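Each of the next two complexes has subunit A plus one more chain, namely subunit B in the first and subunit C in the second.
Right, the complex of A and B next:
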């Protein structure tokens, strides 16, 4: 891989949550790379560890209960985890920015939306107060909010409008990496499309890379270049969007696609993946999907399954790909 | 906003009127004859009867009530003390500053210390100094102020001779009363602050502020504290109301001629005009502090402000 183009590289990231004596293994040795301008989608069920991965990159894990116990995160040749806090403050918000899941709660209810955008601008630029306000007004206009509303408070905005403010806030300092944590989950479908378009337009301008966290395969198809499927804190499949949609390989990914209702066949019931994700306080040996997998063999629970390249740029963490193909296709 | 304040002031008049009615009635039906108490145990029956007539105590309930209400709300005359024969209003004006000095300084003290202790404890949640701070607050809450006052008098006046134990005079006379009245408030404010800061600690907008790269100090004082302030303001408001209404205990321990002691003495000597005037004054003061609290709410929280103002105006 060309290192010039590589902007983010995550190696063996491990995060646990502790509550009392219980230890929740939220992220287990996750590794991936990203190129400049690329969009990587992290797909998976609720609780799979997607948001935790994003928060680890930005360094805003709530500690306690979360604890980063291992791994490296390289951003443009700098290692973030071992970086002193003071230096890291410069990176947060300036180089990496995050769009949060729930616009209803992501804004401080007692501050005007304008001031909340200005706050970040003043932290990372040598603007005077007036310049920052002007820039913030510009950002508001850019996301389609009249700048006269600078002085209004979050409670005076609708959900979609609030999400626009959150986006304006995240993109105000032209970050090189944008972490979008289910940016459209809390919004209704018509607004979803608008917000996704908005993010897309603003990103293209500055060639911003993005990690998009979602469980909506439609959103993935719309926006991303590469997809990583996360299950129980591990990446179990990684491929380009095209490869993943055309030939999903891991039984879990296949299950995900099967569970989508078909538009053409007169389907009466959905096809869910039977069972529920494993208890993250005691993950099973070997493949954590094994208890729910229709293709399970004895081999699955013996040892850690390697992340094997099954086609060029297509990785999958499954030891039974051969058998599976026989029964599946 | 103006309309809201006006409405509240009108309501306050109703409250004060009701308080006057209730306190008059309670005193009227209190067993025992003020004339007997004031005239003294050895007074002749004739003198007592004269005194009863002089004080208007021989009139019917409604006759006395009418006179009291007329004097208080139409003539704005709070009456004259039966025991000392001095105008009550005059006496209140002289005594009020002493009560306010103690009460307000105690409040300033318990606000600063309480908030700082609360913030300190909340930001170090679960560590040993959190437990230590809250332990100290627990001790403060558990010790009654009159007991602390007595212990302090024993230590600093009797044993060490540093501070005068009673009366008023220079600033040194106020030190112990202020500290004693502040202790309980410090504890309440510290615990309240800690609880409400922990309440907003995990809010999403705090994460947002951190994600911007904001320094931890600014996150606490700029984002957490304003949002945590609401319950704290309520507890401050209660404290403010207690500045006057709760002054009786400390003033009687330290023999400070303030409003609280005035009321206490008046109750013991059946000096009804003084009791009624003091209670009315407390009612007005409490109602005003509650109004102040609500206005501070509106000042801190734009959502509440929006509820108050009928016509929305955009300021810029």
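Right, the complex of A and C next:
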């Protein structure tokens, strides 16, 4: 049994956003598992529901408008959604921490960076103020910022440095699960590489599992073990990084790879996926990618497509895969 | 070293105000007026209600530099003592009004939803009544006196503070650092007062500063119609009211209190302007 290794298990997670009479189905029955020390990348385009999944795990969905209507989230054998708030407090920020997307707004502009790290430490540990400050200084050094800068304000830092501070905050309490919400989107490419390296090193050091949310396949290639492709609030393909990059199976995933610019062929134009994601207030029956899919058949819109295992550990939600592919293990 | 750095944000703001010529003039004027009022017993050569019936309605002279009023009281001395009331009224009312406004506004802005709608509609009704009318109403119901006047004057400042702070919070609420604070499990109170409020408070501080000037004028107006601080307490507005019957014969009786009010309000507004520039986050590096 690898249940001991399993740290996170999400079952049939369903989240809706309500705005007036409109109901947006942001997350539709998402399920996945994660093992200790593993990195899972959630890939998908804007509005696919990636961030909503992460926020549901941490329990910081803005309610209203968001509402968790079903599902279970198990962390180390404990169910988070039905857990009483008082108990949940020990989990938020201590066992699960989040790295936010935009370092420019993720820090309080009127508090010194050191104080912001210290705050979390004080909330979750029995440190005295001095111990917490010391630990915070250690964290700063760990992410490559001299501890003398403890007393500086966020506006005195550059974007990449701010993101380091945000990482230091997230890792300060040694979480077992790190949610990184597009941690490098707001950074330029060189800084991006540095920050990814930093996250990787620290993660390996503390054996932290991570859910990495991104729409950058390059980042996925660099950091993750497994990949889940999210489309319209559903996971449509799940595989190890190698499998996914070598044999993408869902037409959407294939489309994603095709739309990347190629270094070798002298292309003039990119090959985008035609169309745009479906209106999340009324998702089509069956496969939600069907309206944009080049291989669409009548069968696609008939009923819910099963999440079939097409190779060992490689799942895909498409009904047009060849039968032999579906069964061969 | 840590201590030094801590105060830097405040010190920086102060130095920026000081480098603004208008604000500098305002600070100098205000400091002179305020210290003159505080040290009135040492500066004024006559008592607060010291009458000299032989010397009524004497124009400015070496003995009485601003002349005497209808009961032979030295106008300059009374102006200094009166300033204590006027300034205290202005500052108290502006602070009380803004603090109440900040509390209601933060609750409305942070909670959102139904609570916000109810509070804001109530504020709309509140601010649709002319604040002078509200002041008169409250003073008339509660009676005159220092504390009632503070209350009456601060009431008018509340909706302004509420609106300002709510607007600020709405634009700040979606920032990720609040979500980050929530994600490390800060309590709602802590998020509201430790993280959110310091980031939205500068316009309210500026507004409250400007409000002091306005409130002093309002206080003067209330006293003028006899609802503010009661004679013989020498509040500036009350002095104006006393002098109104002599406006044609002894214009200096109305000129000097008027001048004090105008100078103080001008100084405060200059400081307020400087403060707004200094606290504008866009100007911060």
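Just so it is clear, the second predicted complex is superposed on the first by the 321 of 329 C-alpha atoms of A that agree within 3 Å, B and C clash if a C-alpha of one lies under 4 Å from a C-alpha of the other, contacts with A are read in each partner's own complex, and residues count from 1 in each chain.
One rule holds for everything that comes next: a residue touches a chain if its C-beta (ideal position, glycine included) is under 8 Å from a C-beta of that chain, and two chains touch if they have at least 3 such contacts.
Given the structure is predicted, the values throughout are model-derived calculations rather than measurements.
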Fit or clash - subunit C, subunit B, common subunit A: clash
First, second, both or neither for A:160, with subunit B first and subunit C second: neither
Partner chain(s) touched by A:124 [first = subunit B, second = subunit C, both, neither]: both
Partner chain in contact with A:92 - subunit B first, subunit C second, else both or neither: both
Partner chain in contact with A:251 - subunit B first, subunit C second, else both or neither: neither
First (subunit B), second (subunit C), both or neither touched by A:278: neither
First, second, both or neither for A:183, with subunit B first and subunit C second: neither
Touching partner for A:49 - first (subunit B), second (subunit C), both, neither: neither
Partner chain(s) touched by A:106 [first = subunit B, second = subunit C, both, neither]: both
Common interface positions of subunit A, toward subunit B and toward subunit C: 58, 60, 64, 89, 92-94, 97-98, 100, 102, 105-111, 119-120, 123-124, 151-153, 155-156, 166, 169
Complex interface listing, subunit C residues touching subunit A: 1-2, 5-6, 9, 113, 175-177, 179-186, 195, 198-199, 281, 284-285
Interfacial residue positions of subunit A with respect to subunit C in the complex: 58, 60, 64, 89, 92-94, 97-98, 100-102, 105-112, 119-120, 123-124, 150-153, 155-156, 166, 169, 173
Footprint of subunit A on subunit B - complex, ascending: 126, 202-205, 207-215, 223, 226-227, 300-303, 306, 314-316
Interface residues, subunit A side, partner subunit B - complex: 58, 60, 62, 64, 89-94, 97-98, 100, 102, 105-111, 116, 119-120, 123-124, 148, 151-153, 155-156, 166, 169
